Amino acid sequence: MAVVETKSLHKKFGAVAAVDGIDLETEEGEYLVLLGPSGCGKTTLLRLIAGLEHPSDGDVLIGGQVVTHLPPRARQIAMVFQSYALYPHKTVFANIAFPLAAAGVPKDERPDKVRWAAGRLGIDKLLDRRPRQLSGGERQRVALARALVREPQVFLLDEPLSNLDAKLRSAARDELKEFQQRVAITTIYVTHDQVEAMGLGDRIAVLNEGRVQQIGSPNEIYHHPANTFVATFVGSPPMNLLTRDGKLLGFRPEQFLPVAAVGERPGQVVFDFAVTRVENLGSDRYVYGHLPAVDPEAKVIAKLPSTVTTPVYVGDRVPFAVGGGDLRYFDQQSGARTDAGEAKVTP
Amino acid sequence: MAAATARTVRGKIALYTLAIAFAVLAGFPFLWAALTMFRQNADLYDPTHNPFVLTRPATFSHITDLLKNTPYLQFILNNLVIGLAVVVITLALSLPAAYALARLMGRWGERIGIAIFVTYLVPPTLLFLPLSRLITVIGLQDSIWSLVIVYPGFTIPLSTWLLMGFLRSVPRDIEEQAQVDGYSRLEAVVRTVFPLALPGIITVVVFTFTLTMQDFIYALAFVSSSSSMTVSVGVPTVLIRGDVFYWQSLMASAIIVAIPVALLYNVFLGRFIQGFTLGAVKG
Amino acid sequence: MTVAQRSADEIALGPRRERFLLDSDRLLGPALLAPAVVYLLLVVAYPLVLAFLYAFSDVTTGSQSLHFVGFQTFIAAVQDPVFLTTLRNTFVFTALTQLFVVLFSTVLAFVLTANFRGRWFVRFLVLMPWTTPVALSAVIWLWMLDSIFSPFDWFAQLLGIVPPGGHIVFLGQSGLAMGSIIALQVWRVLPLATVILMAGLTAIPADVSDAAEVDGAGFWRRLFGITLPLLSPVMTVALLFGIVFTFTDMAAVFVLTGGGPGNATQVLASWAFYKGINGGNLSVGAADALIMFPVLLGLAAILLRIASRAEVN
């Protein structure tokens, strides 16, 4: 039984459909990431699951129960907001105990539960502090402890890492993943950062314009994108797309390497690469240019690791190659993958 | 505009001159009243004496006379009772209304908020006649409770508008977090939003209270016996007995009220300006 | 049972109607708003309607019932010999007061937003005319403008304007009386207008003025070219507030002069009071008061348009 299910979920704000028919089923204990650009509906979807918004149509089920018209407190969920929403006028202890009070847990039982939750997040020493005295990372842990203490069926996290400094972010990301694996509670996580998504998710649902474009493991999303949106949204720099013979041809920058470096591989396709710019970033070199023989308009990027030392200069025309199995084909009108079979798409 | 500092000597002189001039113009009447308050009769009523110097020693007799032999203290007591009652009624009605307008009503909220504020602009001089008749019909004429009922008519609009701004300044996340944590929306608001908006609520309390002290026309129209009068009405009517003016006591009666109220306002002025601009800016 | 399960069960088992109201945003909003709206309808809207009814009737304090008489009451009110004087006085009073208030409050707002030693004390003094209940400050002015013992007589004698032992009868001569009332009103309204302008000033970002300074604009050019134009919406609001307030105010007149000498300082608001309360003629009083209404409606409309334009910003 899926912990969280949505059935034909729709949400309109005036004339705009923020969520335009989403069917979703989580897997037990998984870390599901909702990924997409701003305005794609991922936060709205999360809020619909939480009960902070009412759907225009469709249903939400949690733990097999239809919760579509139930308020948040009846859904057995816990949520962490982008700002962490710690109650500034309460101590850390009181923050974590807050859901216990709401549920009517007797006062003498509360300290034990609070200490248990705080212990699992390593913040037992902070219980007497107030939120303003905490660092960003500590605040995240308090927010998670408060969520944990409810022993919910699902955690809902709304971009909790966005407010942290870049430096803190990867450490906090580590902690989050490790925490989730320890408590093994199904987690739905919203982000626009595809690196975060790839690093954290067991599965990623890529959203755009209120619909799920693709749902699958990071590997599937990355290597077998269901359409051009997924192909170009995930991966940095994005997948190269060229028009050839009325079809869209795609390959990833790191798969586009100089023939001089990779030699002759069976099945590989060679292109004449006209170089217009080279960026040396230390660990990689980005080579910008175009393929005059195929699609002179399309900008193409190649990502060479520093281990590939082939000299490439601006103005050169160098033969570059892509492995045959690395090529992807998309329909020019709809953007959908045409060499299907390997892509999982949710309609 | 950040607080500018006059950088030229000319600028500094201009600034201080203007500041002093305004201070004198604003404060002179109060200075005059304060001087008068302590003057003996023989000193005061002698036109040859320099009015700015106490030629005879200062006396407290007029003040004690005011407090002991006039209904002044009763007036003040009435103001306190009325003020407190009106604050309670106002908060009870405008706090929920302000929350509803700030969070629950969307675009309608803006419009209704403005409509409520506009009722503040309906002048008492238009309403006092029908209200005085209504008061008589209910049987509350000549009672302080007539004022307790009528004053919220102008304190509620102002409080609601101010509170809307203060409530909006509490992040929405906090309310929603409390709901997810297990409270209904109403409980969430009472437990998280109101405590966080407390400074704003206190400001509104102070303002409502001082507003009730300001009214003149309703108190004048509804109340005629001195035991039910407020300071505003009592001082110019009862304390000025016929043609005899006990000026020193009169001045004392004004100063005793003026100074605490001004102090209160001054303390809360910063917050008031905040609330004013918060209410004006879309949340 | 987990904590989450506990609160979920509570909902499932709790009374359905309560759950419905407490959690239904659509119902909760109006429910919370209703008490205040009802109260205002009863205490403001209903009397307002009554005021209209009175003005079109012949009701007095002794009347048992309301008889509709069309425009008769208005005609009677307008034909009263004093009426035109009160009308004229009201406009003069309002216009002159607001003129001075706008000028002084603008200057004062700049002064009070600048940093200087003793600013707190100056602010305190400047606020007092507004915060003190009007009746009390009017009594202070009454004493200050006394025909025999006014300190201004002392100054006037010192300056030679008046012969030694001479007096200025501030409240007894119609011109001076009107001037005194205007002075009191300006003194009283100035703090409010200043506070509104101060709020507006603090909202102006410093960069605009700084950029102008870097570009070489001097103090006066920055003032008139940048700051004042940016301030003008707030000034308009303060002005309109002041006009609405002063146009309908009667306290200053009532306490200082009672409308006198003769009816030289009577304004519409105070006249309505005399007619309605002292004279017992509710209908005429209401009619007099209602004549202020068209002016007020016009001003309210302007205020609303400014308010909605400000929201767009």
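Chains: A, B and C, in written order; residue numbering restarts at 1 for each.
We adopt the following convention: a contact is a pair of C-beta atoms (placed from the backbone, for glycine too) under 8 Å apart; a residue touches a chain by one contact, two chains touch by 3 or more.
Since the model is a prediction, treat every value here as computed from it, not as a measurement.
Student: Any idea whether B-C or A-C has more C-beta pairs in contact?
Tutor: Taking the two pairs in turn, the one with more contacts turns out to be B-C.
Student: Measuring centre to centre, with centres taken as mean CA positions, what chain is farthest from chain B?
Tutor: Following the centroid criterion, the farthest chain would be A.
Student: Centroid of chain A to centroid of chain C, CA atoms only: how many Å?
Tutor: Here the centre of chain C sits 57 Å away from the centre of chain A.
Student: I'd like the Å distance between the centres of chain B and chain C, where a centre is the mean of that chain's Cα atoms.
Tutor: Computed from C-alpha means, the inter-chain centre distance equals 14 Å.
Student: Going through chain C residue by residue, note those that touch at least 2 other chains and give them in order.
Tutor: Those would be 3, 7, 19, 23.
Student: Chain A: which residues touch two or more other chains?
Tutor: Residue numbers touching two or more other chains: 71, 73, 77-78, 99, 102-103, 150.
Student: Give the residues of chain B that touch two or more other chains, as numbers and ranges in rising order.
Tutor: Those would be 182, 184-185, 187.
Student: Can you list the residues on chain B that touch chain A in the complex?
Tutor: Residues in contact with chain A: 171, 173-174, 176-185, 187, 192, 195-196.
Student: Using the touch definition from the top, list the residues of chain C that touch chain A in their complex.
Tutor: Within the complex, chain C touches chain A at residues 2-8, 10-12, 19, 23.
Student: Quick one: in the complex, what on chain A touches chain B?
Tutor: Touching chain B: residues 50-52, 71-73, 77-79, 81-83, 85, 87-89, 98-99, 102-103, 146, 150, 156 of chain A.
Student: Touching residues of chain C toward chain B in the complex: what are they?
Tutor: That would be residues 3, 7, 19, 22-23, 25, 28-33, 35-37, 39-40, 43-48, 50-51, 54, 61, 104, 107-108, 111-116, 118-129, 131-141, 143-144, 148-149, 151, 154, 165, 187, 190-191, 195-196, 198-199, 201-206, 209, 219, 227, 244-245, 247-251, 254-255, 268-269, 272-273, 276-277, 282, 285-286, 289-290, 292-293, 296, 300, 303-304, 307-308, 310-311 of chain C.
Student: List the residues on chain A that touch chain C in their complex, please.
Tutor: Residues in contact with chain C: 70-71, 73-78, 99-100, 102-105, 113, 149-153.
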